[in-house]
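Naming follows writing order (A, B and C), and every chain is counted from residue 1.
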């Protein structure tokens, strides 16, 4: 019998950059009792985003952060800077990555590959608390 | 009782760039009678794309447009230009953003954050009419 | 009556770059017997990604490949290079494109536009076999 579960997960990164929250997502799926279905993760913000990336190598994480700092830098000639110099680069980095991820669930777990972790990509230096909507449909 | 609703939404941007259509999406969800579920928005084109972004600041919108014009410029040394100088940059900008968005729906509305709007990112100057497929599953 | 189907599709690109697998996806949908619903395609890797792009013009494909080679080049000053010079650029190109695609299904087929094909974007030169998770919910 197909059914749904959903929640809002509050997350606060300790600093700007990639913040893994795979375990919180696994807990939600396990707690739902749904074993097979489709999980959706949605970031309710335009200055933070989501990324599935390498969960093992801290150097890969640092390179990813440095890369996005370089291609969407602070100090560009932006018109919009209502909230400071990290405001517009945050929107650009969010646009280049993603606001939403959907992952099939099998046997009570998202079918992530061995090296895949789920990350909040926090683009603001003041790291506000973020709301991540989780939705699961299945049986 | 879970069920589905779907439609094809025709959209034409008045000029190349970001064109908000959040209201059209809200109307579809409200009209479906489905209160809780998962909404999917799919762009049936490779030279236009989708983006969830800041819906309040026109300056942020202009900065986003200028940014993608800069990192995937017209006049690059492209091999493919069957449909003119804005052809290949359109495909690149679509590849850098997204073709599809899924958003959980709660109490009859997508759980967008306060500042999030849903945009068609039109990359062609002649702004053809676009088809956006909408799908909703829930109850 | 809503139901689900899922599988793991093994794919191996013959070389780094864009490798179309639209037909394999169409076969999965047709074989499921589900006529209307939501299809999700998920790449279980962090050094390969997914892209919906122009399926007709080989020149557009070559331009896309050249573009991502240029904006996330080998030989950048990366800290992470455990698996060689194409290791970190692979993660960056995956982050700039997407790990997951969802497409509404109507009358037994994903509602792709006329020119849209589904591609594995292989970022490693040794082109390992990749696992693509497919999930379909509908009726």
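Miscellaneous remarks
The definition used in the following text is that a residue touches a chain if its C-beta (ideal position, glycine included) is under 8 Å from a C-beta of that chain, and two chains touch if they have at least 3 such contacts.
Given the structure is predicted, the values throughout are model-derived calculations rather than measurements.
Although chain A and chain C share one sequence, what matters here is the overlap of their interface residues, and that overlap falls short of half of the numbers used. Matching the C-alpha atoms of chain A with those of chain B calls for a turn of 120 degrees, to the nearest 5. The distance from the centre of chain A to the centre of chain C, with each centre set as the mean of the Cα atoms, comes to 20 Å.
Touching two or more other chains at once are residues 2, 38, 71, 96, 98, 102, 137 of chain B. Listing the residues of chain C that touch chain B in their complex gives 2, 36-38, 51-54, 57, 59-60, 62-64, 67, 71, 96-98, 101-104, 106, 111-113, 115-116, 137-139. On the chain A side of its complex with chain B, the touching residues are 2-4, 6, 8, 38, 40, 42, 44-46, 71-72, 76, 78-80, 82, 88, 91-92, 94-96, 98-100, 102, 131, 133-135, 137.
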